[in-house]
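Each of the two complexes below includes subunit A, the first together with subunit B, the second together with subunit C.
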Partner chain A sequence: MSNLSFVGKSRKRKDGPDKVTGKAVYSQDVKLPGTLTGRILRSPHAHARILRIDTSRAKALPGVKCVITVDDTKGIKHGFVETPRYPPDQEVFARDKVVHIGQEIAAVAAINDMVAAEAVGLIEVEYEILPALFRPLASMKPGAVEIQPTHPKVDEPYTNIAGKTETEWGDVEQGFAEAHLVRTDRFESHLRTHGYLEPHVTLAHWENDKLNVWTSSMGTFVKRSKLAKVLDLPFSSVRIHKTYTGGTFGGKIDLYTHEYAASRLSMLTNRPVRIVASREEIFSAYRHGQPLTVELKTGVDRNGVLVAQQIKIINNAGAHRGSGVVVIFLCWGFTMAPYRIPNFKYEGYSVYTNYTTRAPQRGHGCPQVRFAIESQMDMIAEELGIDPVTIRMNNARDPEEDLPNSDNVHQAGLKDCLRLAAEKTDFLRNYGQTRKAADLAGSKRRGWGIGLSSYFTGSLIYPNGSGVMVKMNDDGSAVVLTGALDVGQGAETVISQIVAEELSLEMEDIKLVTSDTDTTPQDIGAWISGMTYVTGNASREAAGNAREKLLEVAAEQMNTPKSDLRLQDKMVISISNPDNRLSYRQVIAASVATHRGDTIIGEGFWRTMRDEPMHPSLATTKGRWSENYAFSVQVAEVEVDIETGEARLIKALTVHDCGFPVNPGLVKGQVDGQVSMALGHAFMEEVVTRNGSTLNTNWLDYRMPTIHNMAISEDADVITEQYKVGQPYRTKEVGEGLVSAILAAMANAVYDATGVRLHSTPFTPAKILSGLQKLEQKKAG
Partner chain B sequence: MIEAVKSRSRKRLITLTVNGEEHEIAIRPNAMLVDVVRDQIGLTGTKSGCSSGSCGACTLLIDGRPMLACSTLAVECDGKAIRTVEDLADGERLSPIQEAFLDQGAVQCGFCTPGMLMSVTALIASNPKPSHQEIKKALEGNLCRCTGYNAIFNAVLQATGQDGIKPIMF
Partner chain C sequence: MILYDFEHERPGSLQDVAARLAELGPTAGILAGGTDLLPNMRLKIRTPATLVSLGAIAAQPPGTDTDGWLRIDALTRLSEIENSDTVRAACPMFARSAHVVGSNQIRQAGTLGGNLCQEIRCLYLNQEHDFQFVAPCYKRGGDCCYPYPKNEKDFCASVFMSDIAPALIALGSDIELVGANASRRMAVEDFYTGVGMTPTVLRADELVGAVMVPPPPPNSGWGYHKSTIRGGLEFAMVVVAARVALGEDGETCADARIVIGAVSEGPSRARGAESALVGAAPTPEAIAAAASAAVAECRFLPHHNFSVEYLKQNAEVYLRRILSEAFGRAKTGPGKGGQDQ
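Up next is the complex of A and B:
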């Protein structure tokens, strides 16, 4: 490890200079002459039948070039999940009925935004209002109004079930009967959103039978596959160009109707069409995260060791299947990964409501479910008189354990994370002190809380694997072709570090061509928590392949075996006779001269879980899920004002096992960002709705953390894996799971500061004050 | 209403000095500065995040003061000097503030970065050694969703030579 020059170092961002000078091109920066403005007409109703759509007045307006509705589409459906069990369920425009406010009815293309806006206002739609449902329990009720048909394989008398995940092992009833203590609790989470700063924007240009698209996304190859499908075009006719993306956090994966509409309108008008979603549209009509109800029954022995656990999750899934059926699968995984549970029963229901369709959101169910489990773990610990660290240590998985799905945790660093987190925060000295202290002055109370979590690292979902090409130039520098998309996580930097390490190049010797679906190899994209592992290993293989070719030619030219050669400063050097050396430039020239003109191009591919044919079953959890599990323990120090009920995160410690940090500085950036996002979710942010309509549609009303809310964020890395040149490596997820344990830690810290146990997010002053009031009454009464 | 807007929307000629270059341009009276700078002058470094003055991504300098270009009518800027992120570097040489952002890992997706840099540039021009509170005050209108602000805060400290903050990225 010590002889690494690039990997494992905090190398500066490859895209940094472009991003601080304004040169980095985002989708909103791409301009084409003659571009029309597109705009979408959206439903004002949460649930209604469409009786009539009349676009004639809009079409007649001077300056309007095209108006489309569902009748102008081929009716091809798409979905976040597209499997035999969960086939595509969503059309790009509403057909016959609308199921949420903001659903797309029609789109126009006009010469400018004023004409486009006027045209949208001229489209007449006649609706017959239907009863709308917003609470999953009401929506599930037998006989409730049908939003979408219940999944045919769910044979329970519920309505509006989009899907169900169920699994069990051991004998949960027997486990509860034998347990020393059994607790049942219910936890709720709220509607929150991604808050990406760059709005959704798409520019599409149909030209010479080719659709060129610039769109703010999390993976160009996923976008191409979905867009080509709904447009009924071959993949070769759709090119998604590279642009940087201004924040995603899960909100830019799915195919969105504005992407289809810009494309279709361009095809019909033969002009470029651009659609930008306003911030108000994003808040009111686009996809947010998924509020879950978690019913949790847990049985433990005298030492707090889990004997049995039963969990039921109900997802308020919005009006289409979306990623709701994935969340109820993932919540099973986030439950079973960190703790051993001998007897277990899991049921997850994804329930249609008349909210906007849901998207993945950083953590994708993990913060919601860890909030429940880690809160209850503290409650159990207190009942048993065990401290929060010991009870977790008693249940945490050891290295090399097999998981119930036949995955293995390999070098799981969970217990080391726990030990280090407790030690670094002096946790057991601090915890409980505020509640023990008598007659504290002032209104500010400090509390400490702890939580832990585990997250998967890449799984199998289209496009399943990544390819990378390393083209050596005649002067010894290299061009890397990769489909990876830098959404801020640092993909371009990490890939460059790996290629530099494997080929003994400087970072400056490497130029990247990225995320263009026509010119770069297919890539998994920046959304399944596997880029550093999957695309990174593909980069390593590609660079390794180029290195082998260089060495072969050099061995011939230098009359010495490959094993006698090493690479340094763009030279191939004989180990036994260091004067015998050739520059890369000379080796490449020799390759062209003596190998039928072959220049040196390395190619590499990687796929996680090579022996698995496909992803695990979302319904039964059968099949392997992930090759590498990341683990983390987070400690929150929270201050609560008991007069106002206001709580804030003062300091967070994140101790994590991400395997091996390819770039520790970038890892630190992920940690800080997740702590900040979690504190927003905990104390500040909520999408407030009334009858499906969003009331806070801008950032003045939806309060995201500003610099005034910044918390001290410390981190420590438990390194469990190594990187060796020429060998596959394991890295573990670090970009989204860390919003999870910290959320639970903050709830536990509020309890530690005040004695108020919170069962729902966000942790508002009203909830804390009401909890304090109840405690006072209990004391008095 | 839109008809009325159109009838009153005869273009006006204004002069903007953008990054030291004078531009005489015809604009609609309702045109916002952010759109004029991005679409007509062609400087897309300034970002458009919310169009409602709530995210700070479009922050640029008007006569040296940090302003939200999405909430400023371009006609109001007739005769004024505009400075954008494209003007911060001296050719290939980055300004100390830009360097500090890269040294501290203060850039992730990069979308808030131009606005942040302009707010910091204005702060340091008027206050070379800002206190912690003054830094927060200067950046309170600039949202960042990626970094949690810690690295940005440290970048300002590094750029102003305070608290012994050293680069973390190399």
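Up next is the complex of A and C:
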């Protein structure tokens, strides 16, 4: 690893200068002459039949160019999941009934914002209001009002079941019977949102039978496929251009109606149409994360070793399938990956309610599940008189273990993470001290908590693989064509580092053309935690392919075998006779002269689990899920004011096995960002709703942490993968798994500080204070 | 974006402003820093047909009136108040209360007058009303109350959230209202009605001219706390402010002013708790009893997802803490130990 110059180094961000100087182009920055403003009419009701829509007054308003409803669409459905079991289930506009507040009913294009707003107000819709359901337990009850039909393959007598995941191995009943201790606990999570700073923006321009689109996304190829499909256009007629994206965290993957509406309105008016979602719309009508109920029954032996575990997840899935049927699959994975569970039974239900459709949100179920499991693990440890580190060590997976789905954890560094985290925080010396101490002065109490987690590194979902092209220029510099999208995570930087390494080029010699569906190869996108692994290795292959071509031509020109050649400073140099050398410029000229004009273009492709035909079954979990599993252990130090219940994260330690870190600085950025997001999750953020309406529709009342709330965030890695040039980069996920263990660690730390066990998020002052008062009453009575 | 047409005027003097307000009546909106008015116009909580800007009028610097009272022009930016040596020396609690407002950007734009005249807040009200809560509530001239469907018309159970008003009331400050023909002066306390529909007594043809803060009594001290979830860029969960004075013996409480803000339609004085403290030694028990009494006598509304039960618990703890601080400062001498951190 010592001879690496670019990968493994904290190289400066490729996109940094443009972003800090304001030159970076986001979708809102793209200006086209004659652009119309699009605006969407949304449902004021959570559940209602649409009896009549009259757009005539809106159409007659001067300045209005077009009004569309579901009748102007081809009725083609789309969905976050599109499989035979879960076929597309959403239309772009409501047809016959609305199922959540804010659902799209119509869209207008007008000459300016004011006219557009007035036009939306002139559309008349007559509704017949239906009973609405917001709690999944009420919604799944037999005989409840039907929001959407229950999935035909769910044979239990429940209503409103969007989907179910179930799997088991061993014999849980026998396991529980043999267990020394069995605990059953229930944990609830709350509604949070992604908090991307850039709102959804789409500019669409239909020109010469081609639809050009600039939109906030997490992967332009996914957007293209879904948009082309609902518009019934060939992919070649839809071009999603590259723009930077100002934060996503899961909230910009799927097709959104404003993207369809801007496109369709442009096609009908022959004018560019822009739609910008207001922050209020995003909070009240767009997609948020998924509140889960986790029922967890766990049996252990005397040493706290898991004997059996039964878990039931109920997802408040909103009004369409969305990613609700994915999260109930993923929760199984987040449960089975870190600990060995000999007997296991899992059921996950995704239940329709009259909330907005759900999206993935960083961690996609993992924080909710790890919060439950890691909290219960501490409860079990305490009952057994075992410390929190030992009980985890007794259950954590070893390297090279096979997982129940026939994945392998390879060089899993979980136990290394545990050891290092405990050591670096002096965990066992700190843990339990506050609760043991008598008569502490003041009202502030410190507590320490630990949690662990595992996250997958990419799986198979459309478009399944990434391609990269490296074009050598005559002067020896290179242009990289990649579909990868830099959503802030640093994709452009990492890809440049890899190409620089493979071709011995400086970062400045490399220019990228990215995420344009017409000019770059297809890419998996920035949303399944696999981009560095998949696109990174496609980049390595492409640069390697170009390098091999350079070497081949150079070997011919220099009359020495390829094995005698090395690359340095855009030169090919003979190892045996360093005076024998050619510049890249000379080699490329020779290639054009002697290889039928070949200017040297390298191609590379990568796909995770290349021998697997497709993704695992969402319903049964069968099939391989991922090639690489990342592991992490996190420790939280919190401070609680026992008089007010106010709590804050003081310090976080993240110890992770993220494989080979291509850019340690970017890894650190991910760690800090996730700690910040998790402390918002724990103590601050909640989308407050009433009857399906959102009450806090702005940044003021949805309290994301500010820089002043950020805790000290330290990290350490346990690098268990060896890296060699020419081998695949065994990078692992590091961009979303780290929001999970730290959440559980914070809950465990609140317990450590106060004795208050939290069964639900967020950890509000009111909840902590009420817990403290109950403890007082217990002590007194 | 403000999606309706309105006029904008920029008179050159306060008198001209007052004259225009008299002519325009309730259709006018007074634009100073704009941090409260403009978002509310975007949300159509307020839809003035004419904005009368104070942008052409310069604020008078903080100064002392002949009666010894500190005078702060209503057009003074909050950032100037928090950073003013004069204000910090004469009434540190005032500076402190300006410092905890919003964020630096907000304080650079927002003015004292604007902060004191800010609109009440309610999660249902502070929305775009595009597709949810579309029917206007009482406050917006309509016929319903979303959080309290059984409320009578003209009853808006919302929360007045100025961070500064409780501090000024605790300090015994006055406010000057400027009209076209006459000015009037009253205690800041009397400026607030405690009625959500019309939180202040300001008439449509008036604007706030200045705030006057009296010199502190001898042996006095202050305490102030704004409870929030994230500590900044946030309206308060609870604001508590207190100013106390000790008698000549330095042991007995001679005066106490206790104010709770951000939990109901206006800031509330806890007069019962104040009088229980006066004449007694401010022991921890007496302070705890006063905190408890203050919470009991003030009106609390659930707001911004906080329950009344928790708001009261939070207010009581911080009242106890700020009263201890206030008496501690009173013992070290007037105005001492009170600079902003």
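Everything that follows uses one rule, which is that the second predicted complex is superposed on the first by the 781 of 781 C-alpha atoms of A that agree within 3 Å, B and C clash if a C-alpha of one lies under 4 Å from a C-alpha of the other, contacts with A are read in each partner's own complex, and residues count from 1 in each chain.
By our rule, a contact is a pair of C-beta atoms (placed from the backbone, for glycine too) under 8 Å apart; a residue touches a chain by one contact, two chains touch by 3 or more.
As the structure is a prediction and not an experimental result, all values here were calculated from the model.
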- Figure out whether A:13 sits in contact with subunit B (first) or subunit C (second), or with both, or with neither. first
- Task: Examine A:698 and indicate which partner it touches, taking first as subunit B and second as subunit C; both and neither are also allowed.
- Result: both
- Message: After the superposition on A, what does A:199 contact: first (subunit B), second (subunit C), both or neither?
- Response: first
- Query: Looking at the overlay, does A:244 come into contact with subunit B only (first), subunit C only (second), both, or neither?
  - Reply: first
- Message: With both complexes superposed on chain A, which partner does A:114 reach: first (subunit B), second (subunit C), both or neither?
- Response: both
- Looking at the overlay, what does A:28 touch: subunit B (first), subunit C (second), both, or neither? first
- Query: Touch check for A:751: first (subunit B), second (subunit C), both, or neither?
  - Reply: neither
- For A:708, decide between first (touching subunit B), second (touching subunit C), both and neither. both
- Task: Using the superposition on chain A described above, determine whether A:683 touches subunit B (first), subunit C (second), both, or neither.
- Result: second
- Would you tell me the residues on subunit A in contact with subunit B in one complex that are also in contact with subunit C in the other? 114, 117, 278, 698-700, 704-706, 708
- For subunit B, which residues count as touching subunit A in their complex? 2, 5-6, 38-39, 42-52, 54-55, 57, 84-86, 88-89, 94, 98, 101-103, 105, 107-114, 117, 135-136, 139-153, 168-170
- Query: Inside the complex, what are the residues of subunit A that reach subunit C?
  - Reply: 41-44, 101-102, 113-114, 117, 120, 278, 280-281, 284-285, 643-645, 683-684, 686, 688, 693-701, 703-706, 708-709, 764-766, 769
- Quick one: in the complex, what on subunit A touches subunit B? 9-13, 15-26, 28-29, 31, 114, 117-118, 194-199, 244-249, 278-279, 487-490, 665-666, 668-669, 672-677, 698-700, 704-708, 710-713
- Which of the residues in subunit C come into contact with subunit A in the complex? 1, 3-5, 123-124, 126-128, 130-134, 227, 229-235, 304-307, 309-310, 313-314, 317-318
